[in-house]
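In the part that follows, the structures are each spelled out as structure tokens.
There are two complexes below, and they share chain A, which is joined by chain B in the first and by chain C in the second.
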Partner chain A sequence: MIIVIGAGPAGLAAAEAAARNGSDVALIDSAPRIGGQYWRHRTEVSGYRSNRAEALFAKIKTSRSVTYISEASVWSIERDGSLIRVNYLQGGTESSLTAEKLIIATGAYDRSLPFPGWDQPGSMTPGAVQALYKGHGVLAGKRVVVAGTGPFLLPVATTLAEAGVEIVGLYEAHSPLRWTLSPVALIFNLSKFAELIYYWRLLAKHGIRPQFGRVVTSFAHGQATISHVDSDFRMKAKRAQTIEVDAVAVGWGFLPDLTLGGIAGCKQRVVSDGTTVFDVDRNQLSSQPNVWIAGEATGIGGADLSLLEGEIAGLAASGQEISSRLRIKRFAKELFAQALSRSYPIRDGWKSWSNEDTVICRCEEVTLANIKESVVELGAEDSRTAKLFTRAGMGLCQGRVCSRNVAEIVAGLTGCSVSDEERIASSNRPIAAPISLGLLGDGKK
Partner chain B sequence: MRSPDAIVIGAGIVGASSALSLTNAGLRVLVIDRGAVSSGTTGAGEGNILVSDKDPGPELTLALQSRDLWFEMQEDVGDSFELEAKGGVVVARNDDRPLIKLASEQSQHGVVTQKLDHDSLHQLEPYLHPDLHSGIFYPQDAQCQPMLAAAHVIRTVVSRGGAFISQAKVTRVIVENSRVAGVETSQGIFRAPIVVNATGTWAGEIATMAGSHLPIAPRKGFILVTEPTKKYVFHKVYDSDYVSNVASSDADLQTSTVVEGTRSGTILIGASRERIGFDGSMNYEILRRLAAQATSLFPILRDVQLLRAYRGFRPYAPDHLPVIGEDGKVGGLWHSAGHEGAGIGLAPGSAALITDAILGKKSFMDCSPFSPRRFARVAV
Partner chain C sequence: MSEIISFTFNGRQVQCEPGQSIAAAVINTGTLSLRTTRFGEDPRSIFCGIGICFDCVVVVDGVANQRACLVTAQSGMKVESRS
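Right after this comes the complex of A and B.
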């Protein structure tokens, strides 16, 4: 049997490919419905090329070889001889599944950068705003600003607009001209122009005009401040603009979810923009035998790349050869992924948006001043010591949101760069989802 | 710092308090560490300052003095680092006679103990399982936040003329004519006639570099950390198995329950002991055992969520006693290591001992039971 964790594009493609080739598949996902973040829905999937999703969903739902386990949070993974055991929480109980093979497709989550007010009610990530609407039918507000960087801002702004939200501003921090840095990637991905045109039409329909080189630099009591920034994200002297909104959706691309692969002991590496990803071979096999990883956890590349990686992982896990056609398609999407990171890099200037009182770790309410004190007064030199001194990253999210920002802030203060070891160590979270001590103890052998 | 009087290797709590004690005695001290402050076992501890878990003997004498020195150090450094004499409650799971016998022996050596019956036990810890009927209260037991403590102590050393250099990994101990002359590190060479090896679990490596020998091995332990909760645990609470496990030499896994609340509202749960080298991997079966034991003491914790777990390596000497004193082969090389799970509690006491020994002063106790030479005798 093959266990697939995650029912987004990569996990679904993996499960489908494995089942098609005669493997029994257990597909585990934490959400109530399949689709992952990307295809989150209540009744049917909406958005660009949503028919792809419906076709894949149908295959999974009708396949006799796929057992789909929803609303199950995997909290740990163990080796049991040559087998792999996945322990998960579902409906207030703990269960486990054992299999020879595991495919991890845990995806990614929004990257947040701190600014004064980012921790206030009404300040959300685009992913959260999207999930709130698509998963629960709840709108973040009547007047919303969508800001940050990256192409994901487009589906969020257009989805909200279609749902009747007034998009007061759509602010992209970078210039679109950065795409000219990646002509080869664009030639290999001409289909992306169709997607761009799709969103462009929707924006035009709702009268939304994206503005570039601007970011949200504060939010409080329904007032968002929009500042002009240079290419390093430093605020320009130009006068900032204040607008009245119900909510701001601010996102800075995505971070791979490394928790479960880390628990499984899979090797990670740090790519050129400082993001930690899993190191996989050409068949998506991780450093651990019989553990494959597909999708955003191996590097942010979007749904198209995730689908291909998932398919390759599913085929490889069921012992199939990978065709060169698939590899070439994946290569083209990898070129696009590299172009994405080249076009929407996160620049150091974000550190200048915060003031001393700005909260950096929301769970433990650690401010920039606290982190500065831990470095200047107590000798913290990396995110680990800063965490021990300030508790930044020790709360409910276990540093998923803040640990990278804390590491960058500490590095800025000490004048050092963040080491790869430190980046990899900060994703070490042995408890992937909170488990009650009662359930934990009851599972004792 | 050009020419320090002494170099302390290790910026954990043992090294930090040694440096402070030497500085206060008038020496110019350079502290070096291969990482940052508190980056070894100090950063993986619970902050125990205990007298309750020790049998009468030299370690208890040291623990009692050290416990008081913690409060003096707090006054000296001028920060609280969450130091708190919260008191310890040891609970008897079944037969309470061994526990009562130990308490009566301890009380003859200066430990304050108070026998608890069912009512007084549950008055101190109202959320304990109602079937638990007997225990001992140790008001002297205390707790601190050890990483913060080491950082504040190092800061004080620096403010009093000392120096701290981090990310300086020792690559060679310079020995000339059987006397230590300094250390070569990844950050350059530092020379001093006195070198204090306070590298805890890694102290054996430094001894080997100096051409000597110190049999310190890691004894791995896990700690569970819960979400912040309402206050359910008021003291440091552990079961009587803990004392026998602490003193055991068994290499196999042992678990006994230690439960305590922290100022941030989380609950810490220990303690496992395993001798399996520097194996950093997670063992979920151990976490399950610890959770089962903790919830059997405090059933209310069943609904509390576990948020994280971490592990550390206690520096373990074959006879469970710390190693405090001058090296048997290399003059001027002083060791203060091997404190096992008691390093936080024993740190200022060990610092006082080593400072007195270096200065040739009479100390509050005879430190020969802790001498590094005791292993040389065995080896020959």
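Right after this comes the complex of A and C.
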């Protein structure tokens, strides 16, 4: 049997591909409905080329060899001889599945950068606003600002506008001219222009005009401050604008969810923009035997790349042939993924948006002043030591939100750069989901 | 919708559709804040919305640290900001 963890584009494609030769597949997902974050839905999937989702869903649901397990959150993975055991919680009870092979497709989550008021109710990630509406039919507010960087801001702004939200601003920190740095990637991905036109039409329909080189630099009591920034994200002297909003949806690209692959002992590497991802071979095989990883966890590239990586992982795990056509398609999407990171890099200037009392670690309420104190007065030289002094990154989220930011801030204060070892170490967590000691004890029997 | 789910949030009745999360149901009533923080007592709501950040944790039927963005609302649930 092959266990696939995650029912987003990569996991679905992996399960579908593996089942083609009749291999038994167990598809485990934490959500009540399949589709992951990208194809989140209540009744049917909407958005650009959503027919792809419906086709995959139908294949998975009608396949005799795929068993779909929903609302199950995997909290640990262990070896049992040559087998792999996946332990999960479903409705408060602990269960486990054992298989010869495992495909991990846990996706990614929004990357966030701190600014004054980012911890206030009403400040959310674009993913949260999208999930709230697409998954639950609830709008984050009547007047919303969408900001940050990257192409994901477009579906979020247009989905909300279609739902009747007034998008009072769509602010992209970078200039679109950065795409001229990647001509080859664009030539290999001409279909992306169709997607751009799709969003452009929707923006025009709702009278939304994206504005570039601007970021949300504060949010409080229903007021958002929009500042002009230079290419290094430093605020320009130009006068900032204040607008009345119910909510701000601010996102800075995505961070791979490394938790489960980390627990499985899969080797990680740091890519050029500082993001930690899993190191996989051309068949998506990780450093661990019989463990494949596909999708955003092996590098941020979007749904198109995730679908291809998932298919390749599913074929490889089930011992089927991988065509060179599939590999070429993946290569083209990898070029696009590189262009994405080249077009929307996170620049150091974000550190200047925070005040001394701005919360950096949301869980433990650690401020910028606390982190500075740990470095300047207590002598912390790296983020690990700063974390021990301040508890930044030691709260319930286990540093998923702040650890990268804390490492960057400490590095800025000490005049060093964040080492790859530090980046990889901060992404490893012993347990994926909170579990009671009682269940933990029972699970070991 | 045929069925209506009804639960309490800090003693107040909240109604929602089946399948909606606790966070979605409460936010739909116009209340954003789901809890206040331990030290600064600052209000917090959902932030990541997908179970990563743990900012929306509430007490559900006496069980602490439940992510309001993930837990589906059920009739008769007693949800509180803190125990």
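The rule is simple: the second predicted complex is superposed on the first by the 445 of 445 C-alpha atoms of A that agree within 3 Å, B and C clash if a C-alpha of one lies under 4 Å from a C-alpha of the other, contacts with A are read in each partner's own complex, and residues count from 1 in each chain.
FYI, a contact is a pair of C-beta atoms (placed from the backbone, for glycine too) under 8 Å apart; a residue touches a chain by one contact, two chains touch by 3 or more.
All figures in this text were calculated on a predicted structure; none of them were measured in a lab.
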Looking at the superposed three-chain arrangement on chain A, would you call chain B and chain C a clash or a fit? fit
So, A:377: does it touch chain B (first), chain C (second), both, or neither? first
To the nearest 10 degrees, chain B and chain C lie apart, as seen from the C-alpha centre of chain A, by 80
Contacts of A:415 with chain B and chain C, given as first, second, both or neither: neither
With both complexes overlaid on chain A, does A:207 touch chain B (first), chain C (second), both or neither? neither
For A:91 in the superposed arrangement: first (chain B), second (chain C), both or neither? neither
Taking the superposition on A as described, I'd like to know which of chain B and chain C A:396 touches: first, second, both or neither. both
Look at A:78 in the shared chain and tell me whether it touches chain B only, chain C only, both, or neither; answer first, second, both or neither. first
Please work out whether A:164 is in contact with chain B alone, chain C alone, both, or neither, and reply first, second, both or neither. neither
For A:434 in the superposed arrangement: first (chain B), second (chain C), both or neither? both
What does the superposition give for the shortest Cα distance from chain B to chain C, in Å? 7
Determine where on chain A the residues touched by chain B overlap those touched by chain C, and list them. 395-396, 434
As the complex stands, chain C meets chain A at residues 17, 19-21, 23-25, 27-28, 32-34, 37-40, 42-55, 57, 65, 69-70, 72
List the residues on chain A that touch chain B in their complex, please. 76, 78, 87, 263, 265, 364, 377-382, 384-385, 388-389, 391, 394-396, 398, 429-431, 434-438, 440-445
Of all residues in chain A, those that touch chain C in their complex: 30, 32, 37, 42, 109-110, 112, 119-125, 127-132, 135-138, 140, 257, 362-363, 365, 395-397, 400-401, 434
Under the stated contact criterion, what part of chain B meets chain A in this complex? 35-39, 43, 147-148, 151-152, 154-155, 164, 166-167, 224-227, 264, 269, 281-282, 284-285, 287-289, 291-296, 301-310
